[in-house]
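Labels A, B and C are assigned to the chains in the order they are written; within every chain, residues are numbered from 1.
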Amino acid sequence: MWEVYRAPPRPDGEPSLMIDVDGYEGPLDLLLTLARNQKVDITRISILALAEQYLAFIERIRDLRLEVAADYLVMAAWLAYLKSKLLLPEEEGEEPTGEELAAELAFRLRRLEAMRDAAARLANRNRLGRDVFPRGAPEPVVVVRHAEYSATLYDLLAAYAQRRQEKAIGIVTVKKRQVWSLHDARDMLTRLIGRMADWTPMEVFLSPHFSTPEMRATVRASSFGASLELVREGRIELRQTEPFAPLYMRDRIHAVPLPAPEAPTDA
Amino acid sequence: MPSSNAAVVIAVDNDANSRAETPDDHRQTQRMLEALLFAAAEPLSAADLAGRLPEGTDIIGHLKELQEAYAGHGVNLVQVAGKWLFRTAGDLSFLLSRQAVEQKRLSRAALETLAIIAYHQPVTRAEIEEIRGVVTSKGTLDMLLETNWIRMRGRRKTPGRPVTYGTTEAFLAHFGLDSVGDLPGVEELKGAGLLDSRVPPGFSVPEPRASEELAPDEDPLDPNDPELFPQPE
Amino acid sequence: MPSSNAAVVIAVDNDANSRAETPDDHRQTQRMLEALLFAAAEPLSAADLAGRLPEGTDIIGHLKELQEAYAGHGVNLVQVAGKWLFRTAGDLSFLLSRQAVEQKRLSRAALETLAIIAYHQPVTRAEIEEIRGVVTSKGTLDMLLETNWIRMRGRRKTPGRPVTYGTTEAFLAHFGLDSVGDLPGVEELKGAGLLDSRVPPGFSVPEPRASEELAPDEDPLDPNDPELFPQPE
């Protein structure tokens, strides 16, 4: 690449220069090429001689009726101005002086040359993918995802308590199915009516159904409810001497007026 | 000494393949092989390499030497299907896998199962299912085993010899417990509002002991049990 | 597992820096660095590497040692853009040039523009043109932006707020530079006042800055600037 960069044929003699304006990257580049042709250190170049060379070069091209870009003509005008300032005696206090302008041009040429050299050094470095190579077959990093679980003690206990509780309450529901319904109680009482010619404590009929302590309450409650229904229908009679005292019942249809020994008096 | 030099040249010409390789040549060949193999996008055969190196180079000999030179290194020169390539040393392959940790919450089923194991340990899968009232998937137990919060403790001395599960030190550490005996009882659960008064009077939770020792009805696990510890094929 | 791991990590933390590295540790660290850098598709920073090695490892010390160990090899460890990369030795380019994917050749104008941006950054288009003495074609900057060797850095705080250009990490990697301070001859150029964008020289000598930080006279780019970042219609 640097070969190409350095390569644009740089003619040694003026004749070939005349036909090669297109080969230059602008007037500064042309000036730099002319300066290099002087084969002297650019820091010590004679700006006056360089200006004269440039002007002569442009003149030649125009003599040949070749088209010259405006850039080059502007530079030619500036160089003609510089030349006159360098040749004519300085007027007092005039700014900038010819020397200053010449120094500025020399600086710009040196700076451009420095950048050219830098570009060449850059281009000639060992470049990745051209001169030096990275690993041809890099080994990819495999991302292994693994889960890290988190839970709080509260989550744990809440899950446990809730599950156990649901299960426990589920069992109670099953027991409720053993509850005596009013219908069950009425069936039982209806079957027994014939044996209740005399006042009989209701407990006597119910006790066979008191299989568990829990059953006692439900059997008693349903039987009482059913018995009230039978009273209303006129099939049995009920009596109780005082609150919480035993409840007596008898078949109203077959009732015999024989008072039981401890039977309470009619209320 | 023109004459003796000429003699040497003749000798070299006659016997190019066995030509004495100077140490510099040797070193340079090693370097070239290194560079070619490093930069190659695909494994290279000895023939591929021979085409890039001076004629008469003992490619295989050089490759073996390079292989030896890299033997203890982080990258090794290996031969796969007759071709050569540099590859990360087998024991360092872990460096090429990045562990991406994904924070996940335990599923409801997993939480319940874990809690039941914690309270009821040692407990079998059938017992867990009985307590939960639903079938517990194998995946749930596997996942919990993977968290290292539960472990297989032993086998219950009952027909079928089911595996018993218990919690681990990691479980205690994660949940900030000194021992499973610190898990709250019924009254504490009620006090925390986790159990309500609807629970029947007989309701209780076990008071687990986390002893490393097996329970009287537990047998130790057989470390060679293929059912529990699948052997690599 | 978490608990026991946690314990180990704590032990390492407490004593990582003062812990004497055993020869085995040392060797293992070298191997791990080798493996990581060989495997990587991109240059790795010391921080990237530190994240993969035991805490408290002297990464830079180890990298320098590894660099030295590979110095004479066909593959070298180099530092580019502040990161580390194994690549083939420069003197073996003759061997490998066949592997080079035919690259678009940089035009003389593009190469010069790139050099000016590298040495003078942050630099505006007008400043580039002043140095070169010609108008920069739009295509040149576009091409350099497209190869990802230069980037728009910001805007100069001057009338017209021109965009400033600078080089990228890809530029440093491609040209094998650790930082723009390592550009060839940059010190001499600075000393000679040739990196001064103003004429005449000698008042201030701006240093090239590729850092993410903006210069005092630079404003950040507006990411919504339609002039710089054409919006899809």
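Everything that follows uses one rule, which is that contacts are C-beta pairs under 8 Å (C-beta built on N, C-alpha and C of every residue); 3 or more make two chains touch, one makes a residue touch a chain.
Not measured: the values here are computed from a predicted model.
Visitor: Based on mean C-alpha positions, which chain is nearest the centroid of every protein C-alpha shown?
Guide: Per-chain C-alpha centroids compared to the overall one single out A.
Visitor: Relative to chain C, which chain's C-alpha centre is the most remote?
Guide: Greatest centre separation from chain C goes to chain B.
Visitor: With chain centres defined as C-alpha means, what is the inter-centre distance between chain B and chain C in Å?
Guide: It comes to 37 Å between the two C-alpha centres.
Visitor: Using mean CA coordinates as chain centres, what's the gap between chain A and chain B in Å?
Guide: Taking the average C-alpha coordinate of chain A and of chain B, the gap between them is 30 Å.
Visitor: Counting only residues that touch at least two other chains, what does the list for chain C look like?
Guide: Those would be 38-39, 86, 88-89, 96, 99.
Visitor: Among the residues of chain A, pick out those that touch two or more other chains and give their numbers.
Guide: Expected reply: 133-136, 139-141.
Visitor: Where on chain A does chain C make contact in their complex?
Guide: 1, 4-5, 8, 25-29, 71, 100, 103-104, 107-108, 110-112, 114-119, 121-123, 125-136, 138-141
Visitor: Given the complex with chain B, which residues does chain C contribute to the contact?
Guide: Residues 1-3, 6, 27, 30-36, 38-39, 52, 72-75, 86, 88-89, 92, 95-96, 98-99 of chain C touch chain B in their complex.
Visitor: Contact residues on chain B for chain A in the complex?
Guide: Per the stated touch rule, the residues are 35, 38-42, 85-88, 96-106, 108, 110-112, 114-116, 118-119, 131-133, 143, 147, 174-177, 183-184, 189, 192, 194-196, 198-200, 203, 205.
Visitor: State the interface residues of chain A toward chain B in the complex, per the touch definition above.
Guide: So the residues of chain A touching chain B come out as 133-137, 139-153, 155-172.
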